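You will see two complexes here that share chain A, one where it goes with chain B and one where it goes with chain C.
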Partner chain A sequence: MRAVNRSSWPVWVGALAAFSGLMVWHRAPQLSIAPSFVTGYILFALVVFLALYSGRKRLSMLPVGKASVWLTLHLVGGALALALFWLHVETIWPLGTADRALAVLFYGVCLSGVVGYGLQLWLPGRLAHAGREIIYERIPTEIATIRGQVEKEILEAAGESGNDTLGREYLETLAWYFAQPRFFWSNALGGRSAEHWLQRHLTTIGRYLTEAERVHLARIAELGAEKRRADAQYAMQALLKRWTMFHVPLAVAMLTLAVWHLILVHVFAR
Partner chain B sequence: MNVHAPTMVRPHRWDVPFDSDMSDADVDALMATPVVASVRAEEFPAHIPLRGILRNDARIVSFQPGDIVCREGDYGNSAFLVLSGAVRVVLAPSLPRKLLGRQEVHKKGFFESLTQLFTNSRIPEVRDTERYRNIRAQSRGASGAETHIFIQDVPAVLDQHRTVTLPIGQIFGELAALGRVPRSATVFAETETRLLEIRWQGLRELHRYDPGWKRLIDENYRRNALHGVLRTNPLFAGLSAEDLQAVADQVKFKTYGAFDWHVSYKQMRETGAAGDEPIIAAEGLVPDGVYLVRAGFARVSVRFGSAQRTLAYLGAGDQFGLDETYESWKTGKPARRLNSLTGLGYVDVLRVPSHVLEKYVFPNLPAPPPPAPPVDRPIHDDAFAEWLVDERLINGTQVMLIDLDRCVRCDDCVKACASTHGGNPRFIRHGRIFDQWMVANACMHCRDPVCMIGCPTGAIHRHETAGVVVINDDTCIGCGTCANSCPYDNIRLVEIANPSGDPIVDGDGRAIVKATKCDLCVEQLGGPACARACPHDALSRVSASTLVEHAATTTPEATAP
Partner chain C sequence: MWRGRISLLAAGATLALIALLAIKTDMVSGLPNSLDPGPLSAAHSHFAGASSCGTCHTAFGTGARGWWQSFLSAKALVPAAEPAGGQDAAAPAAQPASALAGSAPAAQPPVQSSTHRLSAACTECHGFGGQERQPHNRVFAGRADLGATDCLMCHTEHKGRVARITTLSPAQCQSCHKQTFKDFAKSHPAFHANFPYDHPQSTRFDHATHFNKHFADPSAAKNLPAGGCVGCHTAGQESRAIRPANFATTCAACHGESIAKRDFVFFRWPEIETSTITADDVSKACGVSADAKASAPGTPAPAFSAVSSDPPTAISAYILGMPADGAPDYEKPVQELVGAMMSDGVDPLVAAARERLGAAYNDRLFAGFNAEQARQAACAWAANQEYMPPGKDALSGWRADALDLRYTRPTHADPVIRAWVDAVAAMPVPADPDDKARLQVVKKELLAADGPGQCLKCHAISGPANGPQIVSWQVQLRSAAPQTRFDHRPHLNLLGPEKTCTSCHQLGDGSAAVVSAGLKPITLATCTECHAAGKVRDDCRTCHIYHQDHAFKKRMVQDAK
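Our next item is the complex of A and B:
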């Protein structure tokens, strides 16, 4: 797993100092303004700032700072937002349906963010050493090519031997494997299910084949291993892409509910 | 023997002449001109006769008054001989970019940059065809075969710029053609002019076999360029004008490898067979001077096991062999070369002989450090550098290097490139991989940009101020010469469309294509959008000379506590 960027420590220290100052102020005995108003607005501003990171990705044509700096600020800001959230609600689980809904969304965004960042630290290194690098969008084509080669081997074996043993095995079991990416979670998490599955089926059929057919079976085994590498690329790249499908919609929903929360607070605080 | 094996006539050097219209009558007429008549035809080997060179490696080109023959900054692979008429060389000041048919690089402002958000077409590679009409008015051609950019107001150019006329019999352009350096001046036809254009292969033979041409070319180089080269080298910086002249008079010139090395390199990649590298200076022999690389690349290596181990590579301006030559002089005992120097593809070197150094340079030279001991580091430490040299990636000045251990495959770099280039990216996040390092298919803005050789309109050129290699979309005719020449497959030909999305075709219904590639965001604010858009600092644009260092400082071992 790749190490977290250590050059970001000044930002972390700054965030910690700011939060400590806010806590000291929050605990002061006599305040002229309700502390939850202040922490709420700071939290809201922080959440809006965090959402701007998504906007940065669409403004590549402008000199608005490096995306890596924005990511660091996003991570530090996210951690600060969680701490501020607890300071603001003064509990982990607030009362009231609307507040709980907001808390669920907030925790959902935090959790998906942490998981996503964890995946970003963990998976690239594995991807880099998982065989041939394939662009995500090209993986289906790659698998189709492999499938075509397997079917060619099957046809050649049948033509040479006059037996349909390998062809039947392909239709009954192997076709499923070569049809599309398989063993998603096993491949994503570094398991070896696909390897074992393939080994089991190829060994089983091997005893019924002639010497000439076994040559084709060996080639199919090689293609199976190639397919497994493509599947691993697919699974890991899919995870790296899909986590944002939770994080971003949850963030949008949370931000919308936060605006509603702000309106309600102002209406009922009078 | 298999009787059904397909057969073909064995290919020969002159199967494809420079100009198939060259006739025996043309060659006879050329043989009668004083410059060609002075060539000693008997010195040429039977398989490369002088008439053959003229017939196959040369062509006669006609220019109208004002036609530009070659432009300052262009890369070319041929030289010219004035047969009739007159041409003028623009000495100073240089002609403005627009007059040369070059693209004016306009840096976008903040709001102009922002509007790309809304103005980028959803259809890739949309072009405004009206725009091409202006540039077409600036070019003309003979039956579509030859197209020249021309100067509309020649008298104004003569008024405002210092120029000199080259008379009949004068040769020009040979330094750029043989030395693989940009043309140093713009040349245009002053009157109706006929020039003999000789491609570099023929020029090389003339230089090799005819003492007169060799002397002429070498003298041109000594007179026009050598002093500048020597002055920039610290070894000769302190010499008086007389001593520098004496050194310059005794410098030897030599070219190794093929000028079109990218062709053999591509074949080597396809077949997997390693090509032989020409030996410039061999390990173990007595040093015979210092070698200065003028153009191209050379490999410094040492014998290791049954192969050569790369220690370094040298590019233009680098030198080799000082330590041992100095050691020999200082101790009075002949030293031996510790390393070999071999040509990588194409290399043009100057050799300053030992006796010249001993007389003019060494007496006043502070002692250089003694020759470095043999390398004692593990071979794995050099594996990345070795790979870079083998893949010829050393040519890049702006290599797109992606650390795959950091890259989360989000394609933000690709999206950023697309958003700054009209909706279509100018690179592919795919490429050659060594360990965790990927060199993506993005233009590297090479030190030796072979893509520029042969561009018929000069559309692909090095931007004079930014230094990057750019394509002028207005003058690109989509011939694909640059894309075929690029050894790294970093130039794409794209079919263009009008704003409605209809493909633009010619009269025969064939699609109009344009060459596209990374322009390093030369028009954008803030530099390359790809590098700025990477959230994990996985993508960087680095010079080949710092690639190894860069990789070493960002590996997990280097960044671990």
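Our next item is the complex of A and C:
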């Protein structure tokens, strides 16, 4: 889902208007209350709201609004939080150990969020064009099946030709490829390293095989391509899942530190 | 599942780190500290050490209970600190409501009965000339709507060692002042009509007349001050006020001689129609020599012909409380005075002046008066003769000459003439109409621009015309706006040789706008030539001061020892 579309632009406009109003208020110092307290509390409330998005995903059975609305609010709220953070801190890099740690975590959450949003825009389209769709949790089984078929082909080739050339090649080289998902980043980023690697090794061994063995080699090549597509599915789906392994824990750590910051402010600065 | 576990781990690790880094509360060691809010400004950086934070933060070092109590204190306020050294009690006089004209405060918070606890810590050391918690540390008459202020409204700490926590933005000023503007050049209110000469001039000097008329006279060329403005004004290390140099340097070349031309004639032996002083009286008091021309005893007295045909001086008439325009009215007290002077010299005169002038009397009035000369003069007048002083040359100072007791001022800034001018100016209006009339005559003569010494030609006199007045002997430069500041120094150096004083202080052209100094008023446009957005600094605090007489309190100095 794109951050700005026909249904989300009113939310963006509303957020922009709210922030503009807050900024105008902030620039005209108030005698009755310190602006940093107001911006701080608004920021804290906004961050808590953003954190609720994770809970919404876990409790999808609850009637608390459409997921697309939540995502829109999460994206808009995230952008607003970054602007509010700068308004609150009045600098990009604050002073003090606790405040700097809080800033590091905040920027970490923002960065991971932006990366995650980018991945969600980019990868689903590629997944759709990456061949047969496989559920993430079933990919290891799928790879094990392919590996079994490759080994079966090797055994049949050895039985028919009486040579172990193909078998030795498998043990020395191809077994590594078929053991588990390989070429993670190449597959995730749309590279062709796996294809080239497999092609190179199969072409090399093909020179030393008989005609009968080459039939089995062609079958192994097809299974290798199948494995490559499974690897691509694995890499892209893993990226879509793993970025939240950074985003969410960082957000939790940031919220913890934000609570500490709030305590310090109430105890010392007020 | 893993994401949940990692999240829990992250929260736990964060809490552990906070706790670990909070154990060592010393901010000086340089080690990371989860309580560290950032470095203090250079001015406060000496608050270093294990308990330094407690200087301002009362919750520091009080443990969990103190933290909890501090956290729960909703208003975070403490009772207002009692004024140290009676500062609040000694608040300055109420200012007129016009002081904030055009800048009435915007919506103000209700006046609080207590102050922010951090602000209270500030005023432990920092003192001000007025009330600490009032806007501008002043009480503005008729402005009860002005709320109390707190230090934290404008000053916040922990922004780094190089942070200037005293620098305020125009927006901060405008949180109270209604008349908001973003740009000095475009929206600052116009200066007063005669700015900066719209204050009582302590000395009268018409720049325009001097430059355009007198200095243009070729005969005065040799006396002109060299270097233009700086020939008279000391533009050295002085900041706000560029004082003129002293009289000898600036004015004496042309005016030095003229100020001594007219003597102060204090007493003149007047025309007497009926002499009540007999030759015997004179002989007894003054000896034979003083009686040379008096009638011998037993011989018929010749027709009396007074040696003087003048009336008494106005000042002596006022001192003796007598009319000065009718011999029958004044000759008795005058002859009584002279009769007393024949034996006691100047003392009867001093006693009469002391009695008459009262509080305005000053010992300098008759400083240097030769009592014997006064006695001899009295003897001569009593004998209906002119007094002939010894020697040919008339010296300066008090002297008797012919029929007068007169004072010749030796130089500018003479203390005797100044004492007489001060005494006469300070005299209250007498209740008696005759006395009142006499005093007015005295004032008219002595306080005139062409009076003795010509003091009032340049020195200004202030006060009601019919009441006690004060003469400004010292140059008093503009001080009518205590909340503004101006430093001449950077302006003199920056404007260059061709654009010095006259860039701002231009000679008047005789129009109505020209004030007594003979200079054109300085307008906003003069300043905005340089002070404007994108040019030289133009924020409020460039020229305006918030606090009054900021100083450290005695306690702070004592604690530092």
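The rule is simple: the second predicted complex is superposed on the first by the 260 of 270 C-alpha atoms of A that agree within 3 Å, B and C clash if a C-alpha of one lies under 4 Å from a C-alpha of the other, contacts with A are read in each partner's own complex, and residues count from 1 in each chain.
To be clear about the criterion, contacts are C-beta pairs under 8 Å (C-beta built on N, C-alpha and C of every residue); 3 or more make two chains touch, one makes a residue touch a chain.
All figures in this text were calculated on a predicted structure; none of them were measured in a lab.
Within the superposed three-chain model, A:I92 lies out of touch with both chain B and chain C [touch as defined at top]. Within the superposed three-chain model, A:E133 lies in touch with chain B and out of touch with chain C [touch as defined at top].
Of the two partner chains placed by the overlay, only chain B lies in contact with A:M61; chain C stays clear of it.
Touch criterion not met for A:V24: it reaches neither chain B nor chain C.
Of the two partner chains, chain C is the only one touched by A:A34; chain B is not. Against chain B, in their complex, chain A makes its touches with residues 2-3, 5-6, 57-63, 65-68, 70-71, 120, 123-125, 127-129, 133, 135-136, 237, 240-241.
Listing the residues of chain C that touch chain A in their complex gives 2-3, 6-11, 13-15, 17-18, 21, 32-39, 53, 57, 59-60, 67, 70-71, 73, 76, 108-109, 118, 147, 149, 152-154, 158-160, 169, 171-172, 174-176. Taken together, the chain B residues at the contact with chain A in this complex read 108, 110, 113-114, 116-117, 404-410, 412, 415-416, 419-420, 428-430, 433, 436, 438, 524-526, 529, 531-538, 556, 559-561.
Across the complex, chain A meets chain C through its residues 27-32, 34, 94-99, 101, 244-245, 248-250, 252-253, 255-257, 260, 263-264, 266-270.
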